Amino acid sequence: MSGVLFHEQTARQRIAALADAGSFVELLAPPERITSPYLAQLGIPVSFDDGIVIGHAKIGGKKVYLAAQVGQFVGGAVGEIHGAKLTGLFKAAARDRVPCILLVESGGVRLHEGSAGEIAIAETMRAIFECRALKVPTIAVIATDIGAYGGIGILSTCCDHRIMTEHGRLGISGPIVIEKWMGKKAYNSADRALVWKTSGGKTKYLLGDADALVHDAPEAVRDALTKLIGKSKPVNLGSVKARQKELQNRLKRFGATDDPNVVWKGMGVRNIEAASLASGPEFAALAKRGK
Amino acid sequence: MKKPTPKKTSARAVLARLFGASAKAIAIEKSVLTGYASVGGGKVCVIGTSNGTYIDNEAALRLAAHVIDCIEKNPKTPIVMLVDSAGQEPNRVAEMLGLASYFGHLLSCLELARRKGHKLITVATGQAVGGAFLCYGMFADRIYALDSATVGLMPISAMSAVTKIPAAVLQKLSKTMPSLEFGAAPFALLGGVEAVWSAKDDVQAKLEQAIATATSEDNRAELGKKRGGRKLALDIRKKVLAESAR
Amino acid sequence: MITAKSATRRQNKAQRIERVGKLARGKFVSPDKVPEILRRIIEPGDILCLEGDNQKQADFLANQLATLEKKDLRDIHLVMSCITLPAHIELFKKGMIKQVDFCYAGPQGGAVADLVKAKKFPVGAIHTYNELYARYYIDLTPRVALIAAPKADRKGNLFLAANTEETPAIVEPTAFSDGIVFAQVNEIVDKLPRIDIPADQVDLVVEAPYPMHLQALFTRDPAAITDVQVLMAMVALRGIYEKYEVQSLNHGVGFNTAAIELLLPTYGERLGLKGKICKYWMVNPLPTLIPAIESGWVESVFAVGGEVGMERYTAARSDVFFTGRDGSFHSNRAMGQLAGHYAIDMFIGASLQIDINGNSSTVSKNRITGFGGAPNMGCQPTGRRHPTKAWLKAGAEANPGPGSPPGRKLVVQMVETFQAGRVPTFVEELDASDPSIRKALHGVTPVMIYGDDVTHIVTEEGIANLAACRSVAERQAAIRAVAGYTPVGLKRKKRETEDLRARGIVQLPEDVGVRPSEASRSLLATQDIKGLVRWSNGLYDPPSQFVDW
Amino acid sequence: MEKFTKAFPSKPLPTKTAKPWALAGVVGSGNLEVLLESGGRPKDAMECHVETSIPGYKASWLAALADFAHHYPAGGTKVTINDQGAPPVLVTLRLRQAYDHLTKGDK
């Protein structure tokens, strides 16, 4: 129960914990001082990595490209520099045929930098699919409550694999935006249990949008990565047709309910209370996903 | 909250302008467009949105289904994507069911089409903002916009409301930073749009030419640098590629 | 021999009850009749007691009282622990109150400050809990007490459940002096789990349309504990708990002490301190104490009040918590405060402001809060005679003179040098000594804990052992030495600090064997509320605002 | 934003460091990042550059930095800080973390 929690680590600590000791080499490292001119003009503090640490490392002796977003810095949001670092990394991964891992922690586009971040996300999506066409595995790790939202939520679903923890959240619109739009009755953003059951790792795992649900610990994330960095998921006619069917089926089964517990039960969770308290593989065992 | 702005031009009029008489075969159902048409005598597949509608899980699936249909039945037929959508509607059930994954799926279908030799051309015809633009339109080989289209992240007023930075400050900065400005022209300066088509243009001819000249490499960062709207992105990307090659 | 004169109070009470007449059926009244009944049983000039401390509130009766007007009720001498509800403020605004004697005004601190400025707050004094309860038996005996209980039976016996708190301290002096005790209850049942207040001491009962308000006051989410607080907790554990072998103690409400509780099963265990320290507790059922209890550190816990969500856990751990024959938790505010005064080795808590002499306060011109119970525990009980190891060791350090006791209670203030928003904790002079506040309080500065009572101050910079200081100047230098980069701290002199450090009066983390780089949240027995639920084997039911699963 | 630069006397950094630079902390509300670099500077001083979003606390900053330079042999290093309202205790903590990383490596 105690120990280092992945969701409490900083981006740099996460990388240090996942990579083989001493193997991480940072690209565009802080001494280069590549900082956002937009934020500087607006009088907002800048950061030497612009909210994303990128580089290459070894995991279990195998070379990987790694990016870690810094959620505390402007919500991990994507500006021009941040986005270009991300695009460049996936392009390098495609060029070198090296798996690419993104430790996601971002609310999406950095509004302070306008459309530049939006285009950067679109460019990164293209780069991710470049990797996938070459069978270079791409993995998104979504394991913090800042999670993957907005354009980064969509981008995360473009990767081959998603590893999540119960703390991770994956979506497009956040609870506060939805509450403003639909009203507090439809979505009370302060109801944390409902928020996590709507967008949290457990629900995403049950529905099949997360490939692995792991404990909130760096070792657990590393184990899951080790299993997945050798595997790519093809994008072919068979795979997209199967997915089309799956998503249609999901909409048909659950489109009429607004109660996440109905989804949980539908996806094989018998004891909701016990499953709510369980974590990682223990949850998965209680769930018998999709049965 | 603001509801979507009312349509300016009818969806049919826009389609007619782009595809002439062949536009009739394009179905419009709940503001989602699917069908086939012809451009310069060649067959094209059309998917898109109209009337500034919201794209939900179901709409994403219908667009994806049509792309799959095109791949299966009409190999290598260019796909024209029309964008007039206010984005995704903030909705709890949509989120619970994984709207992001529905969008990701649509992108996967388009990627498959590209790999199988379909050219992908986007024309932003109305609203092209936020997630709706990201989930298919911005994924094209080449992206164009009608000059009447509203393209970009969000208007300065909305940006100001969320960031709590006074609109006047953002307005002033946008003079030197086109990224902050909202519209097709500044978006083109960033390289996000290849070209903006004006009311006077023969858009059918333009579209025909766009299809003919499109290549699948992503040229937006180059364009953004050349046009001066996005000065950093390309160099930073190059730097990453250079440092990682050491 | 009973004379007419000696029976005056009794006769007066009978008259009041008679005035209620048919508005009640026996002792029982319906909610809609309450305002009229209050009008009939309270007389001008009465000492009126409203039950309500920082957790439990007789809120229905208070709200009904606030519907009356000055023509119904005037010249009231209000006595109560905590001014907590908007309804309480309403009574002052309507001009019904001629004097108020109280302890604490947490959530209404701003409103009370406004009333003071408007001269609508005729305060007698701000008390500590036991001080006020004591006066209920001397010169502030209530004529009418409005109290709250979860359950009554058909005879009017009351069951107080986990939140007994101050009810007995109010009922006894009222009932045994011919005062009127009026209880609001959540429900009336045929049979009570146990009887806490006999019907004999209860005059009127109303089943309130909503349950009494209970504040989750002692729930500290481990997720909000910072690395800096972990550092301070480690320093306190080594420099104080371990050094003095503190066996019996009270913890204040705060993240600093929550960090200590969560370090016991991990860091504390590693230091080999289990069984040597922290065995006997006078604290509310703190959820953050669950891991230490489950790890076998804790012999017993006595409490001044309950805590929302801890009912099933405390019942299951009746080997540790005081429980009734029905198996459920029991608390008692007056006795708990008494225990905290006389029977513990150490009080440790936080404060908003500490002055250069070690006095602390939470009062400022714009927020008049008061004391509550901390000063009952954070003081030297000169009536104490029994020795313990910690008491004697602390006493020896203080270099007792021929006329002073051989022992000392450890009174520890544990604060970060800055509060949120870069507000310095250490100041040359307390905000509370503002002339306008002193004037309203008849010349008294509302000091929470006096510097003379404090033995240690712990900050992220280290420990200042005030008890070991030999002069006022030395004490000031020791405080500056741990005041960090606050204006008070910036005035320290390097040589003075080094001298105090050489003599052990000031200790840096490394002096007590703590490496600051080790201080990390990962040392906590759990880092979130869900972990506490897991530690409790699912018996802890946290309030919904803390639940994200 | 407030910016200032100052050098503080400090004993020379050990000649062999684990790496040429180290970064500790993140820029976020109530937090800061410290970039510590070695090499190419006079050996008898720690050169500091601070950029903070909350002006008016220069005295605290200078005292905290001076104390650090006094307690740790950091001569020849350059400290650059991006601050978003961190309390002084975090300044010291992050400096210490960056120093440990620089001299002993990550871990």
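Should a chain be cited, it is by its letter among A, B, C and D, assigned in written order, with residues numbered from 1 in that chain.
Convention: a residue touches a chain if its C-beta (ideal position, glycine included) is under 8 Å from a C-beta of that chain, and two chains touch if they have at least 3 such contacts.
Model, not experiment: these values are computed from the prediction.
Chemist: Out of every possible chain pairing, name the one holding the most C-beta contact pairs.
Modeler: So the chains sharing the most C-beta contacts are A-B.
Chemist: How many angstrom between the C-alpha centroids of chain C and chain B?
Modeler: Chain B and chain C have C-alpha centres separated by 62 Å.
Chemist: Can you compute the centre-to-centre distance for chain A and chain B, using the mean CA position of each chain? Integer Å is fine.
Modeler: 24
Chemist: What's the distance between the Cα centroids of chain A and chain D, rounded to whole Å?
Modeler: Distance between chain centres, rounded to whole Å: 32 Å.
Chemist: Just the number, please: Cα centre separation of chain C and chain D in whole Å.
Modeler: 42
Chemist: Considering every pair of chains, which are in touch?
Modeler: Result of the pairwise touch check is A-B, A-C, A-D, C-D.
Chemist: Under the stated contact criterion, what part of chain A meets chain C in this complex?
Modeler: 1-5, 8, 166, 190-193, 195-196, 276-277
Chemist: Can you name the residues of chain B that touch chain A in the complex?
Modeler: Chain B residues touching chain A: 1, 57-58, 61, 64-65, 68, 71-72, 88-93, 95-105, 107-109, 111-112, 115, 130-131, 133-135, 138-139, 152-154, 159, 162-163, 165, 169, 173-174, 177, 179-182, 186-187, 190-192, 218, 220-221, 224, 230, 232-234, 236-241, 243-245.
Chemist: Residues of chain D touching chain C in their complex?
Modeler: On the chain D side, the touching residues are 54, 57, 59-60, 63-64, 85, 87-90, 93, 96-97, 100.
Chemist: Please output the residues of chain C touching chain D within their complex, sorted ascending.
Modeler: Answer in residue numbers: 227-228, 416-418, 422, 460-461, 484-486, 490, 516-517.
Chemist: Please name which positions on chain C make contact with chain A in the complex.
Modeler: So the residues of chain C in touch with chain A come to 266, 520-527, 530-531, 533-535, 538, 544-545, 547-549.
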